[in-house]
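What follows is a pair of complexes built around chain A, which joins chain B in one and chain C in the other.
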Partner chain A sequence: MFRKLTPYLFLCPAMLIIGIFVLLPMASALVISFSDYNMIEAHRFAGLDQYRRLLKDPFFWNALYNSLLYLLVVVPVLSFAPVFLAALVNRKLPGIAVFRGIYYLPVVTSLVVTGLMWKWVYEENGVLNFILRNLGLMSEPIAWLATPSVSLFAVMAVTVWSGMGFYMVIYLAGLQSIPKALYEVAELQGVSRIRQTLFITIPMLRPYIALVAVISSIAAMKVFDEVFIMTGGGPLGQTETLVFFVYQNAFIEFDMGYASAAGMALFAATFALSVLNLMLARDSGYAKR
Partner chain B sequence: MQSDDKPLPRMRPPTAGFANRRYGGGFAPAGQVLLRYAALIAVALVFIGPFAWLLSTAMKSGSENIFQYPPQFLPQQPTFQNFGRVFQALPFLSYFVNSAFVAAMAVSCNLVFCSLAAYPLARMSFAGKNPIFLVLISTMMLPFQLLMIPLYSIAVALGLNNSFLGLMIPHACTAFGIFLMRQAFLTIPHQLEESARVEGVSRLRIWWHVMLPLSKPALATLAVFTFVGVWGDFLWPLVIMDDQAKFTLPLGVNKLSGAFGKDWRLVAAGAILSIIPTIAVFLFAQRFFISGALKGAVKG
Partner chain C sequence: MTSISLKGVTKIFGSKCAVRETDLEIESGEFIVFVGPSGCGKSTLLRMISGLEEATGGSILFDQIDMTATPASKRGVAMVFQAYALYPHMTAARNLSFGLRMTGHSKEEIARRVGRAVKILRLDDYLNRKPAQLSGGQCQRVAIGRALVQQPKVFLFDEPLSNLDAGLRGSMRVEIAALHRELGNTMVYVTHDQLEAMTLADRIVVLNDGRIEQIGTPHEIYHQPKNIFVAEFMGAPRINMLPGVAVEEGGLFLPLDPEQKIPLAAAPSAVKAGDRISVGIRPEDVSGSPDSALEMRVDFIEQTGAMTHYFGRVGRHEFRVASSEGLPCRPGERIHLGFAAERLHYFDGKGQRISPETQR
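And now, the complex of A and B:
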């Protein structure tokens, strides 16, 4: 009798924690999104009211638009640029571990520090403007975070910068899993390096690219720290993302029902994206391992 | 683009020696190697530049104009004063202690709970095994930001707001950790466990004496990932901690920049202090981070 219980006893602590702090909140987020709840008064059932409010709220559409734009720019960059980074460090050369370490450093740095660091780099009198002007790339300094047309892209650049190393490691594992014999045969037949890259490396990396696309799109939908630290959603709401919208409504306005409805929209978007990504990966026939 | 990071030809038939030409076996043109180093250094500057600029700012003395244009790359009279000033401006030392305490709790909880849960998932057959595993894995997709609102209510209801336990507990056991440990356990040969079972050793002791010692790299990976995640966590502490005495470092750094926003020397010094422990852990555990972490992730 006791024997049969053993596996459940092993699982018990984990299931309790995940049950109470992940599954229960998930269910109750759904319930709260159908109510009018401000932490002080009791829940009042509100049906789909909160969702109707969302549809009519220009701030919500703005946040959704910003998040989707974020995704459309950041995910392709993070899916391909780290391949080159991985290829660059995938060589047995003296000191290569140091370079890998340096490229990975931003990944372990807390986003609060990363955000502050870049805010300082982006200063109007700061180093970035100085470097770009000295290289002759622009004539007038730009207030990167305060100019509505560029601020969102400036924040995206920071997300890319801090994530590169993480995806580089995934691709490094990918590159190292490609059988060397393929390149040897190609070399013997006089296939050029560029064609080797196009017809061996890239196809063999497909499952890794799919994985990175999924992870980076989930991450892109969750951007918050960089925005909070660098712009606070400004200028003129240009950098307000979905998560920032949820945070503001929940913990500044204490409009929990409304914030939960927005959170459900965020979840739906993330979920749809992951499914879409996985379907694309499957269509290309590589997800079957 | 080739993968030449694994031990080279030893195990390969001698006919493959041809391909050695490009593996730097005396034939690699020095120019190519130089070019690669040039590229490596150029990219490294992009990654390390902002850190260097922050450090330089933190070491500038009060008499220096940090907003001057063109910017002064190196401090004229380098000083460590600003680091001391951080501790006077805010109770940074207690932020350090708080962060360390929360991180230590989260790391230990993860090591124990994740590896406990992973054992039956890797090695026992029981009713509901697959559904449980699926539910666990699918929680990895849930954005924390969605759970945050009800989590906050639950924490308030349990009296856990404004407490380190409340700060830590959503991180106490992660599906990612369970998955990682399960992958590690799956690679351990069955024979070891079976001979112990024949001797009548209990499952709990097998877990402790056989499974855990053989999974040290995975445990180290889990510890480092948890540490880095918790150390840098910002949104959840921001939501749950009001009591400034209980602030963790990211909140402290944020407060520093809020209160002394114009004094970038001070903000920079605080920011640098706050990441020193992570960098130390990272340097110490780099090999787990960069190679061990994702070995099983894709093929799994």
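And now, the complex of A and C:
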């Protein structure tokens, strides 16, 4: 009897923490999303009113659009660019561990620090403008974060920059799991390096690419820190993402019911994406390895 | 058909010398087996022949043409690896044709070559399966097929059977031997399994610590080992090695302890009284002999089916006997053993064989 309970007892502490800090808030957010709670007055049941408001709110659609754009740009970049970075540091060169460390540094740096740093880089008299102008690539400096057409992409670049090292490590593990003999066979057959990469490395990395796609799309849907620190959602809401929209409505407007409804929409979108990703990932793994 | 010459080939990894100034002539069409303990340099030597490993010194010639600086892809060699090295994301058929497809061969040519390999190795049944769905033996057959379609001048095998279970190893061994008979190509084969070496090789190269200890036919290696290392490395159970100083007591003897001495009736004339020598006797050359002075205490007995192995001690020396008929003894008992005088191998104080051409 007691023996049967043992595994569950071991799971208890973790389940308790997840329950209190994840599941319970999720459930209460769901409840609040059906009310017009504003943190001062008591809950009042509002049915689907908040969801109806969402559908009619151009700011919500703008935030959703920005988040999806984020996803469409950042996920492919973060799924493929780190492969090359990983290939670069997967060589047996003296001091290569130092390079791996350097590339990983942005990952362990707080996004607050990263955000502030890039904010300076992007300023009108910042380093980026200085370099581009000195290279003769442009005549007038651009206020990267204040120009509506480029601001979102400027923020994306920071997300990519700070995530690159993390995905590089995943790919590095993937690359190192490929037996050297596979390349040696190809070498003996006279298969060029480029073809070895295309027909051996990339296919062998497919399970890892699928994993990175899942993780990075969830991360892309949850982007907040960069936006909060660098642009505050501006200019003109151009960098306002779903999470930022939720934050604005919850903690600036104190419109908790509305924010919760938006949070639920975000949850649904992320959940759907993850399921889709996992299905694709399952198809891509080569049969029972 | 290609002959291979190694002249002073050396490989140094960092501060470790893996292969030391090795000279070797491999004849065209020959099946050569490199054998030796782990880390003896046999795989390194093979990889230098393939071009996957660069030689630190010396030169490698194919048909008297220097290939030392020629890249692996231009040497015309194909290699079969221990872990198969099949592409897991490709079917067996794709694995076979991959190299040819990537190097611009025509469809007809690819189909012809793959078809031939499939026929020789009987791969038809699993062409559409991926490596994960194949057994180890099937994987290795596909890997051999992949080497075959390259139509190499030289086949290189790097412990190809080590990952297979004993039964499969036996049948694959027969297949590789048959393949060599059929193709007649030069083949270089690395193994640590002496049974593979003995059964497959035209000539065996025994390596130890980066050096060639002996080159010879399986018969020579087994029956005329050049030194104690080769004698002990080849043969299972291991050869019995009895060291001592020869004495003259109305005939030459090797005393083992106060009670026992081995008569050296057929010793080479070079062996004199007072010489520090070792005599070797293969376990299967020893048999039960009630009148003999040689007495062994049996510690344990191992049944292998065809043979029974007896392990124990003669005096203070470990001793092994292999017998097909069985000896009348049980563990803990003593038994008298005999052997034919001409079956003894003689080694000098440095462990080198004392050649028996002049017998007393």
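By definition in this document, the second predicted complex is superposed on the first by the 275 of 289 C-alpha atoms of A that agree within 3 Å, B and C clash if a C-alpha of one lies under 4 Å from a C-alpha of the other, contacts with A are read in each partner's own complex, and residues count from 1 in each chain.
The rule we apply is simple: a residue touches a chain if its C-beta (ideal position, glycine included) is under 8 Å from a C-beta of that chain, and two chains touch if they have at least 3 such contacts.
This is a predicted model, so every value here is computed, not measured.
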Inset, instruction - State whether A:A259 touches chain B only (first), chain C only (second), both chains, or neither. - result: first
Inset, instruction - Kindly classify A:K222 by the partners it touches after superposition: chain B alone (first), chain C alone (second), both, or neither? - result: first
Legend entry - Partner chain in contact with A:G126 - chain B first, chain C second, else both or neither: first
Inset, instruction - Examine A:R206 and indicate which partner it touches, taking first as chain B and second as chain C; both and neither are also allowed. - result: second
Inset, instruction - Using the superposition described at the top, determine whether chain B or chain C touches more residues of chain A. - result: B
Legend entry - Partner chain(s) touched by A:T147 [first = chain B, second = chain C, both, neither]: neither
Inset, instruction - Tell me which partner A:L116 touches in the superposition: chain B (first), chain C (second), both or neither. - result: first
Inset, instruction - Name the contact category of A:V22: first (chain B only), second (chain C only), both, or neither. - result: first
Inset, instruction - Could you say whether A:L188 touches chain B, chain C, both of them, or neither, answering first, second, both or neither? - result: both
Inset, instruction - Once the two structures are superposed, pull the chain A residues common to the chain B and chain C interfaces. - result: 181, 184, 187-188, 289
Legend entry - Residues of chain A touching chain C in the complex: 179, 181-182, 184-192, 195, 199-200, 203-204, 206, 286-289
Inset, instruction - State the interface residues of chain B toward chain A in the complex, per the touch definition above. - result: 1-6, 8, 16, 18-19, 23-24, 33, 36-37, 39-40, 43-44, 46-51, 53-54, 57, 67-71, 73, 112-114, 116-117, 119-121, 124, 126, 129, 132, 135-136, 139, 141-154, 156, 169-170, 172-173, 175, 178, 203, 207, 228, 231-235, 239, 249-250, 253-254, 257, 264, 267-268, 271-272, 274-275, 278-279, 281-283, 286, 289-291, 293-295, 297-299
Legend entry - Touching residues on chain A, where the partner in the complex is chain B: 4, 6-8, 10-11, 13-15, 17-18, 20-26, 28-29, 32, 39, 85, 87-93, 96-97, 99-106, 108-113, 116-118, 120-121, 123, 125-127, 130, 161, 164-165, 169-170, 172-178, 180-181, 183-184, 187-188, 193, 196-197, 201, 207-208, 211, 218, 221-222, 224-225, 228-229, 243, 246-247, 250-251, 256, 259-260, 263-264, 266-267, 270-271, 274, 289
Inset, instruction - Going by the contact rule at the top, pick out the chain C residues touching chain A in the complex. - result: 50-52, 72-74, 77-79, 81, 83, 85, 87-89, 98-100, 102-103, 130, 132-133, 146, 150
